[in-house]
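Residue numbering begins at 1 within each chain, and the chains themselves are lettered A, B, C and D in the order written.
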Amino acid sequence: MLRFVLRRLGLTLVAVWGALSAVFLVLHSSGNPAVMMAPVGASEEQIAALGRALGYDRPLAEQYVTFFGDALRGQFPDSLTFQQPALTVVTDRLPATLTLAATALVLACVVAAAVGLWSGAGVLRGRRPGAAREWPMGLVFLAQSVPGFFIGVLLVWIFGVRLQWLPTSGASGAGALVLPAITLACGVVPPLARVFRNSLTGELARPYTRTGLALGMRRGRVLRHAAHGSMLPTVTVLGLEAGALLGGTVIVENVFSWPGVGQLVITALQNEDYPLVLADLTFLITAFVVVNLVVDLLYGVLDPRVRHSNGGH
Amino acid sequence: MKTDTSTRRRRFNAGTAGAVVLGIIVLLTLLAPVLAPHDPLAQDLAHTNAAPGEHGYLLGTDQLGRDLLSRLLYGAQTPLLVGVLAVLCGGVFGTALGLLSGYARGWADQLLSRLADIQLALPAILLALLILTFGGQSTAVLVLVIALTGWPAYFRLVRSRVLALRTSAYVEASRLQGAPAHWIILRDLLPGVRGLIAVTATLDLSRAVLMEAGLSYLGLGAQAPAADWGLMVAEGQGRLLSSWWIAVLPGLCLVALVISANLLGEHLSRRKDTGGEPRRALSRISRTRTRSAA
Amino acid sequence: MASATPTAPDPGGPPLLEVAGLHVAFDGTPAVRDATWSVRAGEIVGLVGESGSGKSATGLAVLGLHGPAAEVTGSVRLSGQELVGADEAALRAIRGRRVAMVFQDALDALNPYRRVGDQIAEAYRLHHPDAGRAEARERAVEMLARTGIDRPEERAREYPHQFSGGMRQRVMIALALVNEPELIIADEPTTALDATVQAQVLERLVELQREMGLAVVLITHDFGVVERVCHRVVVMYRGRVVEQGTAAAVLAGGRHPYTRALVASVPSTDDEPGSRLPTVPEVVRGLLGEVDGETLADPSLRVPDGAVGLPAAARETTGPGRTGAGRGTPTPADESAGPGDGAATAAVTGGVDRADAAGASDAAAGDGAPAGDGVSAPGGSGDRAGDGPATAAVTAEGGRADAAGATGAGAQGSALADAGDGGAVAASTPAPLLSITDLHVSYPGRFGRRTTAVRGVSFGIAPGETFGLVGESGSGKSTVSRVVAGLYRPDSGQVLFRGEDIGGAGRRGRRKPVTGIQMVFQDPYASLNPDRTIGDTIGAGLRFHPTFASLSRGKRRERVAALLTEVGLDPDLADAYPGRLSGGMRQRVGIARALAPEPELLIADEPVSALDVSVQAQVLNLLADLQRDRGLAMLFISHDLTVVRHMATRVAVMRAGEIVEIGDRDQIMERPADDYTRALLEASHSVRRTAA
Amino acid sequence: VGTGTAATRATDSSVVIGLSAAVNTLDPMNTTSVGSDLSVLSSVYSSLVTRRPDLTIGPDAATSWDRVEPDRWRFRLNEKAAFADGTPLDADVVVWNVERLTDQDNGLRMTSNFASLLRAEKVDDHTVDLVTDGPDADLLGALSFLYLLSPDWTEDHDPATATMGSGPYEITDYAAGGNVELRARDDYWGTAPDIDRVTYRITPSEAARVSGLLSGELDVVAGLDPQDLERLRTDRALEVQQSDTTRMAFIKLNTLKGPMKDVRVRRAVNYAVDKESIATSLLGGTVAPSPGQLLTSDYAGYSDDTSGYPYDPEKAEELLAEAGYGSGNPLRVELTVPSGQYVAGDLIAQAVTQQLSEVGVRARINSVPFTVYMQKYLVDQDMSDMQYITQAWPTLAAGGLYNLFVSDSPYAYWKDAEFTDAVTRARTETDQDERDALYADAAERARAQAPVLFLFPQPGIAASSDGLDWQARPDDWVRPAEMSWKGND
């Protein structure tokens, strides 16, 4: 088990390292960042001075090393637009994003579970998958085909503008959370519901379901056992989705003016606030990777086979 | 097994519906110059924000008085072009690497797999934003960015299938027959992943279209005054209060395009030979990225 | 075999379960038709039949476990209570409580995510709602103990995957018995298990049956099992009950030809080694005509009528499925077992397993000479001589072909068989074709550790000899075969083929396999690329062969057609994709592919274990014929001693990566020196086909 | 106290203000964003003088001032003025702040607005002199931007992330880029504001701002899109205010290189664009086309005499033909527009290109983020042929805005000796009439030489809850201290 954890940890670090290197390279391939960072109207000398101060005149390899050294310690240069440590800017915005993402995730889990169990119950009754009873899956399919921004726009239009039921922007109060959370969840429900449904019906098709019935179990109990069995793939997708959720916040936070890291990264990119982009991306990537590490570790808890095989699946 | 046949038939219909709608969209897009009643860029400042039917504009006009119907007809050009090219690039690249990596194994395989991991660790939308902001915007870059975020799906699927196939009895039989590696890859392995690739590509097309739309929506894809569905939603969303059609109609077109591609992909992936693998994998890989893109 | 001799229950007792006029259909396609049989308390009834005959469908129908997709009509009464059409609640009260089921693959039939103790306890509490958790746990542990699991307390806390196959099956039985039901329906409970383990599990089941006075319906397709444990047998064929009666009576000579054919097609320890096995379709066809006037689903089971317009000569030698030709020439083969003729004889019988339907049915009819083969046709051998290198090679090694021939000839009578065997052994000693010395092979395990699969294996195979390798699952048989074939690199040891080291131990990279060694794979479904035509698959062996590479397209096609013909398939199949083919046909294609590069050594790794009993015999016959015909040396791998005994002249027994015993077939079979071999022998229960 | 929803709000006397851009820094000396950063900070810090809603200059921390010498102004400070921590706001504070501002090494963004300011000299505790490098008529306007920090507090606080001012409000909640919350200070030395609590909600999306207004989530929003005017007006719970701003919208032409070097081409594009119809359709008729002027009428030095370029596509084609462009050799230009930065900017740019295309000019739009745009414009000095921009000089001095067009200005892309000369002379001219005459000359020169494609003032549309008493300003400020709930004293 320990080796498994270490191995996953190693892979995780490699992934983080690679992702950060990619960010670093993309940013540096666009030229001297000092040019972008210098205040408007800055002279050549000022830019050069700024470049020196931030170390952009040094060889790329050296900068690369420093960058990682600093990133490891959570140190990034000050944000240009906010004039304070870039990481602080990010962490200040964090609660908003986490609230939104967590709400959306919970919402998505509930919906996905309902959709999956609905289908599962149908299968257990002998209904064929894809039958009319599976309309929830149809909705899921629809949701999967609608761009997130368009869902947001529609929700704003219907609930914010037409019906005026709910606030459409800003992070104030629980009401304001509803529409962005739904929009964000819409992106996560389809993969989650599908995977849960598919693995649930897959589990139900496995012989142990028949064993359960042959022992005289009620359908509900059989369904519960099968749901337990389908947790593994579901949690895998959940992990990936939790990461995708962070990516999704980029758009949703923009549609709904939600003051979180997703909106921040767009602003930072637009302002070419190089340190802030770095800090923000580093944070998002790390969060994504950590979530997936947690998911990997959850495998062992969820599936005894993984636990005993010391990993490799 | 009759059960299978009948369900397949029903799905087949959904799949056909997808194919038909997709075909219609492609056809309309190709015929746009013939069908469009107006120049998609021509402005009629006297009749801005006209409601559908008003002033002889069948679907109304936008803020600049441009005919929405004409713009919608032209509006799929960029998504389709970018989508198809990106799918081609990502598909060919990912498949080739997947085949080689899966068959040859070794350090190159390790390296590529890590690369794909890393690629997955970067939420696609962020990567795209990064490259488009700092690398400049152009259709070529857009295609590359979308292809770049798409290749791991092909790579992983193909590689894992190849890993399973390479020790399969029929590949071993080919080796016993003395077949060289390239022959085995092309004749034994590639046909084995063909179905997989077809499905992945169809589903990837919807991902690519969604991503193009998402980036255009954020202002990093198609540029004004071009008629592009994603961009049109962005332009029109400020007008939802008074002129909903400007944003809603292109959005619906986008949904129709994506749904049809998805339906087709679903149908293909349910066919026996692919065993639903791509759907599962895509829901792990691309779907999540599509989401983040859109 | 430590068979738990079944004690017959009171024959006069009232039936516990009565199945009458049972029909099960899926979407209008009947799976069970008008089945009527019954079980009395304390009785073990075997439900036998080939795959797809409706055994499981019947078993599931008893407890109403079919989904709504299945139409179930007729009557199933448990102590008089009608179960067909009963409501869920009523059925639930019976399931697991009065009637329990044991399923085939216990790894899947047990919930993999839950501790086995919990599963058994849960099953108990389902029907004992008042029982507390502790009581249920105790009960679970007790049941585990009773089914023969050591340290039941501890093991109750483990998960199914931590159990071996046999253990799992015991858990499954414990699960079924925890509520002390009156009847157990066991659906192929031991099919997936090794012979030795299979014996243990069955034994335990029978013991428990006796202790608890259970009635058991044992679903199986294995007559050996039926013979050992069942009181009565119900034989199903294509959904119908074709015969039922006491086990002894049915096995001794069932009235229904199908039963007889099934019994006859299984190799038996009583058979003469190397004799031809009668095959089911031939027998059925011969005695019954078209079954129900319907076409069979599996084309390999189909007996085509009439000859197809092939040249007369070809018809005689090849006649694949063209039974018209084969059937027309049932010449007795008792004359010529002389030297040089062995090859010819083999040539004629080559692949024509259906050709001798009449002979086979004769055998089944009980004339005491089941091996009615050896359709001698000297003209045929002339034809073959024109075929090219194959025959040339055979002639060149006449002496050894001789030996092989003698082995084949052994079929004719036991007196000759001894001599033949002696010849084979003698011939193999001087110049082995393949010689393996001190082979060590390991696989990469987790965390960089390597697990050793084969340690210190040495043996040799003489040209033209069939060498058998037996051993339980995981003993390393396939590993050896893969190393020999050049698909895997050993850690150390020598693999000399024609005196050349082809093992490549210690070197890096993939080594190029030697075309002189070809392989027939176990799973006929996985061994053919579904995306390539059969002709392409077979032809590739020519394309890359040093000597055949220069052949033109047309010539290559011709050779492919000839190969298809040789293995008993229609040459037109060359343009077909494997999807259309049945398992048996696929295995023939696999054999043709292996033959294409004209190998000297053919490795057959469990070539029949994935096939249905009714097809097994055909493939075994084909292999034996080819081997004789072409003078091939063969490494024949199986976990089934009876099959190995049937095919091989020399046998090695493997266990845990080592060879525990190696020697002459008869010596191993009759005077095993090693304990493990003895255990294997005891466990292998084959039907004693005593003459009726 | 009134009734209804307004009353509920009035009792807790709070307002929610929708801002289109985030507050990026809390250091008032290090930002020039009036619409966001400074609007918020002006409630927290006080300056010597302040610009009132009617654009006149009024007192803040200074009670009175006069020009003791042409280049020396004397300010008398309010003796009660003090920071929130009790530190008095005295002459030393002013001197310290001026030092901080004028020290180039501090790299403060506000510094460039005080080019003429040399130093501050303490006269006594509550009197201070500001010395300029010459007579500067615009100094007072500039000083309305000089927000005063506490020297002691600054020693151990980072003014970018924390505040401690002498203004009527204090910040209770702020996260970089997020919403900002203000609370009225109990111990404010000046007139206590009516509104106790203020929330600035960052709402970059126009749609969200409008729907926020309609749903009552937002009380005040300025800088709305004119196309929403109609919809907003129909809502009876809202009061819509519409005015011209002090910000002029035009399309800058790069006269230094490319086709726009030719004055005929510059005039041609001016004639080719139908400003009237753009103003009507895209800006809801809220503004009138500029009569060929760089200033709006609010600027001191605005000249009423010029006449603009009427819409005359034929004349445009003629001029283009003269310059050598025609169907065989169409004029190709690039029009850069900062995406989403200016009210209706993207639409206006599209309308302009379309109209240009009607006279045979192939204009391509290049839509870029504002920072990228500014980078090219000012740092790289690589402006495209045309670029949409709106400009204003916060102090509302003609000289200030005109200074952006003088030959050596990096903003200009226009080297015109005559214009530069007139502007330079006007700046130091103390006689009001003379100065106006010089500015009129400059205006006429600019019209004739057309360094820009003249458009119209940026429309100023603001909406507020009906119950709120608030006068929208022509400049970009949104100050809660100027608001009160009706019927609430």
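Everything below uses one rule, namely that a contact is a pair of C-beta atoms (placed from the backbone, for glycine too) under 8 Å apart; a residue touches a chain by one contact, two chains touch by 3 or more.
The chain lineup, named per UniProt: A, B = Peptide ABC transporter permease; C = ABC transporter domain-containing protein.
All values reported here derive from a predicted model rather than from experimental measurement.
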Target chain C, source chain B, minimum contact steps: 1
Mean-CA-position distance for chain C and chain A (Å): 51
Could you work out how far the Cα centre of chain A sits from that of chain D, in whole Å? 40
How many angstrom lie between the centres of chain C and chain D, each centre taken as the mean Cα position? 89
CA centroid of chain A to CA centroid of chain B, Å: 21
Quick check on chain A: which residues sit in contact with 2+ other chains? 128, 153, 156, 161, 254-255, 269-270, 272
Residues in chain C with touches to at least two other chains are numbered 69
What are the residues of chain D that contact at least two other chains? 205, 207, 211, 214, 369
Here the pairs of chains that touch are A-B, A-C, A-D, B-C, B-D
Touching chain B in the complex: which residues of chain A? 11, 14-16, 18-19, 22-23, 26-27, 29-30, 128-130, 141-142, 144-150, 153-154, 156-157, 161, 187-188, 190-191, 194-195, 198, 233, 236-237, 240-241, 243-248, 250-251, 254-255, 265-266, 269-270, 272, 277, 281, 284-285, 288-289, 292
Quick one: in the complex, what on chain B touches chain C? 1-3, 6, 168-180, 183, 187-188, 191-192, 194, 273
Which part of chain B faces chain D closely enough to touch in the complex? 41-43, 45-46, 48-49, 63-65, 133, 219, 223-225, 235, 237-242
Within their complex, chain C touches chain B through residues 26-29, 69, 482, 485-487, 512-513, 515, 517-519, 521-523, 526-532, 536-537, 540-541, 543-545, 590, 593-594, 596-597
Looking at the complex, which residues from chain B come into contact with chain A? 3, 7, 10-11, 114-115, 117-118, 120-127, 129-131, 133-135, 206, 210, 213-214, 217-218, 230, 233-234, 237, 240-241, 244, 247-248, 251, 254-255, 258-259, 262, 266, 276, 279-280, 283-285, 287-289, 291-294
